[in-house]
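What follows is a single structure, written as structure tokens, with notes after it.
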């Protein structure tokens, strides 16, 4: 899914617009400049995602641009307190279109267990969110899942917010594969 | 127009062009501010004339949240205080409650705490030094150290089940027994860590640019450091050999042979080197602890008031069910009183001041965050330096948002 | 540990030393708020005590003591860097009263005092920069007081109305994690405010489940109710 | 040599297209790709490798080569933001000022020996003049003061960064712009002075003459004074490029993005490209001056002549080998710059100035003296 295709069949009336959109989606998804809005614990896992073992750069999402003007995707990594709220909103407004937001971790998604006077219960109260990555903090695998989900979203022009689904248990996946193979 | 002769041109001040200082707002969302600090700078050219350091952007209400649940429910919050070395916080809080109750964990449990805690300390120092290097533009050592940190996390994950936020400490012991592979795993990674430490040091420590950036910047004097309440590697870099593990040994730290590295100048370079050396010392402690650690025996105290019963008993006996239920819903109730317990955290003296009213809910949990007091000294370190000096200084102060702002 | 420090302090302070305790080896000296600065000065300047290292300064709120007795405990933790001895100085302060600042003795007290001001509303006289430090200046109230409801948030930015955009949250307001996702709009109006457990006790509510109430057979049902009523 | 004007025009256009294709269209993305992959290799990572094209049923990733293309396409359609209080005109032209001179500097760089169009298929004699009516110099413009032209035009590029920083209405940008201006002005001086020994040795300011000189004698780098000059030049050139360890005007961790802070979309891309093209320009200049330009060891006009072993080659093959050799040398130098980029931390502002005025400048002057003494001793 989502590769740029040339020489395929299926021309229709909107051939060029479709192709153009596909090209643009392709370019955008493989060139995600990120603005890391790192506040808290999840930042440690964010470092781990950039580290050699997980290497987010494989997806072309390696260049952190600390100026929001040049960034495509805003990673909100960690708890956002009420005091931080205006800052986050400002950063989001400063980003240039097209832009996407990833809520990294439970705190950014819904406030987590910091259910108190000082924490914003999820950054979607302040900025619209495209991808929610659950976990406290999420494992790097989940983060990569979230990134790939966002890439699919960009390619398809999908505007709905999505949540990274839990990984299937390996045993469960095996059983399902077995069941699928039978008939 | 006044005649030129009236001016005294020997005075330097009259030769300076009059200029308003430029006010520059750095942070909280600035790459070097770790997302949680705001600095309002008054600049004269590139020189910092005055700075107002404003913490609090990651205030998450730790102390208030602790007053809501049971004593055991504080552990997940302590994980997220200093999230670079959660195990040290877990142990620190457990020790505080144990001090309040007057109990002591079995020897094996103490060694287990030491081993995991020192691994966490290695991670902490690695992260700090790696981030300092990265912010100076040396991206490669950063990734090397991150790679190593992942190896340590693998061990911690195998032991505790979580990469980062373990919630593994318990009042009166640890959540689980050590896995049989503990010693083998750690002995496998320690030599590899040593190699990467040497590699990183060859990249940075004798590098002229790095030395120029770090030496002589952010200098803190010994007296000032003590007065400001600075502790940990930052205090040791000024020449004060204060390490809680040596001065007021807790757990089994008095049985290990390790040195407390101290610096001389109290500048950024010393702080960097002290942290690197402490990694080596921690590795020594881990090796000794693994040698001395009893191979069997309980890890936790055998006290039904605070330890959860076995799952087998919970499911099969009515007493077990009730005990489990009461411990979960009502919580363990330590005696009435207030104690201050302190340990050596990643950044310095990590103290827990806890007040109990005799119920299952903490009346007050005050954490003495080392980064908070370390960061307080940052203002003095920054004034007089240049903009570029903010980065190494702030990096080597090692402000950890969760711990600093709580 | 001997009580040498406390004895020394007793000779210096005389009657001003109201009470000393030595619980679990923590030496604590209690003084009146008026003598706070003087006692601290002895700790700092006396050559035998010489508490050169500032450790911590904090407060504890006991609302049930008010109004007969002072409401707050303010505590100072200091340490002697040479002998590794520690001492805790304590005073009891009524609501609305101020305390002398210790920033002239230990520079490190500055942020700690600002934090106590921020969290408890105790202001320190003579402090050079008495601002809020952890919270923002628009914040009303002092959150670590026991009568401040834990989830009374005071947002700085109006929460987004989810209808104005296509990027809706994927789950409803009450779904997701129920722990954090209760009806926040009601909570903001203070309709569903949580009160600190100790205040609830003072108001005559049950602090937690007492052992008499746990019937072995029907254990789960009363527990669920009790837990719900507590929170 | 009488050429019809149309022929001249066509040839010049062809050369321009070739240079643009090599320098801009091929080198810049290649360099970006190499930078990302090289850094990944140093850091035990894989680097970008996922962007793929499905071409007639084949799934091509080309080792991540498509990522820079994706970057470029994306930037074209990214919102172009101009700060409301910025100077809109200056803000708009600054990236062009940064990019265009960098490309223009290629005009005087010789990328091959003289090409005889009417003798493409023959094996030419090794020495002596060739009688040909269709000789082409593989260089867009042959200027008497070629190297000075490069300095002049490269100096203009600085203005782009300075103007961009000034026009953005952002304090971080302003500091970045000021830093850029002062750093460039300082290093421009050193850059010029480090090359003076080369003029003294080569006795010419024309770049093509230098290449020919090195073809006849040895490569410049093998002469002691020029060996020193190369290192001074290379240090100054890296500083001129504004790359780590000299990326103070950008200073990502201190100044957010420096003069680039308020640029988005393709304008940011132009600054970015300009920076990479400058790397190529300064690399190419170093190759021409110190590494023999298009000269390939033992390759004469007639073929390989290596200690008596002689392999004749036809003219077009010789020319091609020389052009490829030139490109390979540039690539090696660029790779060297990448290694520096990923190994060293960043300088502080005053250290950069100190290095320039107290380190490189006196050394460059001493080197001029040294060269002069050597030359005098040699000739007498």
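A few points about this structure:
As written, the chain order gives the labels A, B, C and D, with residue 1 at the start of each chain.
As a convention for this text, a contact is a pair of C-beta atoms (placed from the backbone, for glycine too) under 8 Å apart; a residue touches a chain by one contact, two chains touch by 3 or more.
Given the structure is predicted, the values throughout are model-derived calculations rather than measurements.
The chain pair with more C-beta contacts between its two chains, of B-C and B-D, is B-C.
Centre-to-centre separation between subunit B and subunit C, using Cα means, comes to 22 Å. If you average the CA atoms of subunit B and of subunit D, the two centres end up 47 Å from each other. If you average the Cα atoms of subunit C and of subunit D, the two centres end up 63 Å apart. Mean C-alpha positions place subunit A and subunit D at a centre distance of 38 Å. Shown for subunit B are the residues that touch two or more other chains, namely 30-31, 56, 59, 61, 64-65, 143-144, 147.
Counting only residues that touch two or more partner chains, subunit A has 52, 66, 83, 113-119. Counting partner chains per residue, subunit D shows two or more touched chains at residues 43-45, 252-253, 256. The touch graph of these protein chains has some other shape, matching none of line, ring, star or complete.
Across the complex, subunit B is touched by residues 39, 42-45, 171-172, 175, 244-245, 247-248, 251-256, 342-351 of subunit D. Taken in their complex, subunit B has these residues touching subunit A: 28-31, 34-36, 56-61, 64-65, 76-77, 79-80, 83-84, 127, 143-144, 146-147, 149-150, 153, 163-165, 401-402.
Per the touch definition, subunit D reaches subunit A in the complex via residues 36, 40, 43-56, 59, 64, 66-67, 69-75, 77-81, 252-253, 256-257, 260-265, 268. Subunit A contributes residues 37-41, 43-45, 47-48, 50-53, 64, 66, 77-79, 81, 83-84, 87-88, 91, 113-119, 136-137, 139 to its touches with subunit B in the complex. The touching residues of subunit B, when paired with subunit C in their complex, are 54-56, 59, 61, 63-65, 67-68, 99-100, 102, 223-224, 226-230, 240, 242, 247-248, 318, 321-322, 325-326, 329-331, 337-340, 349, 351, 353, 355, 357, 359-361, 363-364, 366, 368, 372-373, 376, 405-406.
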